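So, here's a batch of structures to check.
Both complexes below contain chain A, partnered by chain B and then by chain C.
Let's turn to the complex of A and B:
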């Protein structure tokens, strides 16, 4: 990285000053809360009486905490069934977009629309689409399939939320894949064509290897975003029916702000934070690899 | 690029199918907002409804949606200003200065990107409570105002600017802040637009934090107002859709006006 030659001695003071406001914001609203959450997780605290130190009680309790374990498994299921299909759909859709000529821009705009819609609008619309008498069931009946109680039975609700996340997330990652496909240098393809490569073999030997970093990035981004999902579940099912869609963020929210068990909820938060941290570190490692 | 007709046909089929699936819910939302409750779940979406704009007028007047809109716009603007100003300053510092703690500073900034709001809402709430910010705009606006990703977008753009510009300005006697605002900022204006759009969108979708701090109805942002309307009037389907559209109008207009920057902001993640 280039820096001004004499920067260190004469101008370094300015460099530090320029960073200071951002550092203050980060320290007050991010770093301090992280440290504070470890502190709270070691205390019993209900906002009404002063915090009482309980050591690692809440962390030890996690392994037998049925609400937590159930929520953890719901979260992992949600993330896996969101990330894998979205990765596949967005990859092929991005690929298909590269094959279109001048009309590509217009299709790209239409496909990007779900990412522009506010999350709450998406949640409210899908809540109606998935209504027992709603259009999704009408469509299924027209195809000769059985309608389902999507959001009101614990067997279907987790799947309904997964379907909605496909609709919502695919658009965003398609654009990332499209940018990745378009960044592959043309001469790679020309060289392959001279060697007589066609169709699948171009895809396997040229496209896929070049797309590896983009695929890795999308996996990481969509996993982190999946773990952080909150609004869809809170609005469409509020974690129900019977807790079947209670992902970790919602469990944390309810444990802290409905049941006022701040210590316990902070222990949950520490676990969620650690999970996201590990995945983010993988992301940094992947991105560093690409700059080298 | 070699294109076989079969490949091209397959590509067009995939794109058309995906576009139909993408647009269907949006078209349904628009159509439903113009229908009465009884028309809504019967017949095709293409049949025009007889409700006119009555769903809009009745729903938007039942709750203070103009106030919610004001709060959302205020939150988004505060977030954009904080992020562009602090992000440009810190991005410049990371791109062009070396000082005693510069390594530590970039590490702290990098670490802060990995801290998800969803995992720190409890301590953040207690902190805001300790500041005495209960039920105030400060609590609603400030803790989530700064989008740290802005630092990286600015840094990336500023690293590419040759140092000669900075050195020439110094020789001309310009002060350091002056160099940043008069020389560097005009050069990274496109990045500033990308940062502003990303941050606006992030703030517009902000749901969890306002849900925790906005206990008073007068502090509610649009997403909260929309969700609250739905829980109160959940059988007024046409009205719920009208409210959904109302919340989607600002970002959609924004998208139409700055389409190129939106797509660039997303694409940047995939290529850089």
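Let's turn to the complex of A and C:
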């Protein structure tokens, strides 16, 4: 049945009206803050007096800004050492879950549990567990090993946080990988088995190509989430000791609300936002399905 | 007759509305923001209820957040154009807040005084100096603090030292560290079960500054020199930190790994009887456990040169915001609240800084009040800077570096470079 032009336009108007609340929400609570952040990054602004235009002063200063460069390095290290192992562990766990029989539901629930726990509770619990006089060190002592200063030395604290991030992030991505594995048609494997394919060959020619969109999704999500992470560092170490766990988001928070330098903090945010955008686009392009 | 009733009713309604309007115009709800310190907020709530009973048109709503979060939320509220009427501000933030026009100048008349000079005469010398910028006073002390060394009498008795006798108090920093070795206890597995002494660790930069400032002054160390350039890496500063902060680490008797961290009670280890000595103000005892309350002694802060003693002055002050629509009522309530110097001291351990605070019966019954009163004569406020928080963070990071084995000079060189960069920007 053909629709008239006026009918299409009527549907269009209704469609627009139905979308309007969501569009307004996005415009007010997402687009406006992002644009305002760009605006403020060009101003000196301490929250307490009106913004003063300073052009690209804060962006020019970034190359010699010790705090920013150190935080950037800490953030990159954190993301690399979080994303890569989490990808591997979650992929393996997701695959292992497909092999389980009757207890699969219970294992899925158990593995997904860390993701549904409030981040603040998780961070506080790990902070207590990793205390020098805490249960983890008690366990090590019981095994005859020396206790470690997990959160109070610059050498250990970044690794302790990376480990906690593995524990927390793996659960979420495992479930995504599991969904991906379960979506691969069984007949692909049956056909491969008839052709004599086994083990590594099946993984390489059936599983990995079929999982490519899921892997792309997880890589992008885990990288973005890694770059945006805040709660563990803020609660467990507050960026210490000696600034060794001060990731970019924490530096942005302190620069804005403790040091009242909203312009500089916005410049950091713009760089972080641009970084996330560029890295995500590159990852999506590299992992795109070339046959689609 | 019916018309008469209608007219009467109308007049009654108009009268009632006018009364309601009048009461709504004069009634004031004062919002009072304070950092979390239960003894203080409980005391303020009690005084607020008393004040409202005397002035039914004024009510006081108290809001609290832990130190650190408190300053962040306060800034956000002010920026949003919704400042509380009364705020609790640390003295080092006064230059920043006053320069931004956040604080209302104290009205001497609200304190029953004719002039600024009369207002100053109510307080001990220096009590208002940390709250006065360019001759204008922007707050009154809720606490006018100095520091002392708290000792656990029972722990000292364990090593055969009777600290009830002031002659046995540690007099120098070296005394503190040597005693610390004797007081430290470990279990069979080598785990420390009792500390002799420790600095505060893993808290915000001002907590660190409260502890190192007296030492820096005693050693003649300036954070910045007269030209505004960082001097925290000078030989005097390196010596100060090496002989005090780092000494405890190298002795193996203290450090971040042995400290319990609690932003609401920075002295938790001493408060719960796991530490024998701690540097604190007169505000600390209300947080001690009953057992520690029974056993503590207040000793004078150790000195490098007993003839020229030096300690810290600090003030968690009360101020009225410039944006308050109830400034008159707010100042009047502050006068009512802070005038109860004895009540404050008994309930919270705070010294309001009013002249003669140490001469009252309550003060004389307060352990250590004479030590604190003496300390107030030799103290100074931490250095003043609009970028204090960043500079304090740079020094905190340096301390945390040499606590992990980085040479003191190298850590302080880095702090100095950061301070210079902060100031250049």
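The rule is simple: the second predicted complex is superposed on the first by the 262 of 292 C-alpha atoms of A that agree within 3 Å, B and C clash if a C-alpha of one lies under 4 Å from a C-alpha of the other, contacts with A are read in each partner's own complex, and residues count from 1 in each chain.
Keep in mind that, in the parts below, contacts are C-beta pairs under 8 Å (C-beta built on N, C-alpha and C of every residue); 3 or more make two chains touch, one makes a residue touch a chain.
Everything numeric here is computed off the predicted structure, so don't read it as measured data.
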Partner chain in contact with A:189 - chain B first, chain C second, else both or neither: first
First (chain B), second (chain C), both or neither touched by A:242: second
Which of chain B and chain C A:257 touches, first, second, both or neither: both
Chain B versus chain C as contact partner of A:72, first or second or both or neither: neither
Which superposed partner A:179 touches (first chain B, second chain C, both, neither): first
First, second, both or neither for A:152, with chain B first and chain C second: second
Touched partner set for A:133, first chain B, second chain C, both or neither: both
If touched residues of chain A are counted for chain B and for chain C, the larger one: B
Partner chain in contact with A:14 - chain B first, chain C second, else both or neither: first
Those residues of chain A which chain B touches in one complex and chain C touches in the other: 133, 257
Chain B residues touching chain A - in the complex, by the definition given at the top: 1-4, 7-8, 10-12, 14-15, 18-19, 21-23, 25-26, 28-29, 32, 41, 45, 82, 85-87, 89-90, 92-102, 105, 108-127, 142-146, 148, 151, 159, 163, 166-167, 176-177, 180, 201, 204-205, 207-208, 211-212, 222-223, 226-227, 230, 237, 240-241, 243-245, 247-248, 251-252, 255, 259, 262-263, 266-271
Interface residues, chain A side, partner chain B - complex: 1-5, 7-8, 11-16, 18-19, 21-23, 25-26, 28-34, 36-37, 40, 89, 92-93, 95-100, 107-129, 131, 133-135, 167, 170-172, 174-180, 183, 186, 189, 193, 198-199, 202, 214, 217-218, 221, 224, 227-228, 230-231, 234-235, 249, 252-253, 256-257, 262, 265-266, 269-270, 272-273, 276-277, 280-281, 284
Residues of chain C touching chain A in the complex: 71-72, 75-76, 78-79, 96-97, 100-102, 189, 191-192, 201-202, 255-258, 387, 389-390, 393, 397-398, 400-401, 403-404, 406, 417-418, 421, 425
Sites on chain A touched by chain C in the complex: 46-49, 61, 64-67, 132-133, 141, 147, 149, 152-155, 237-238, 240-243, 254, 257-260, 264
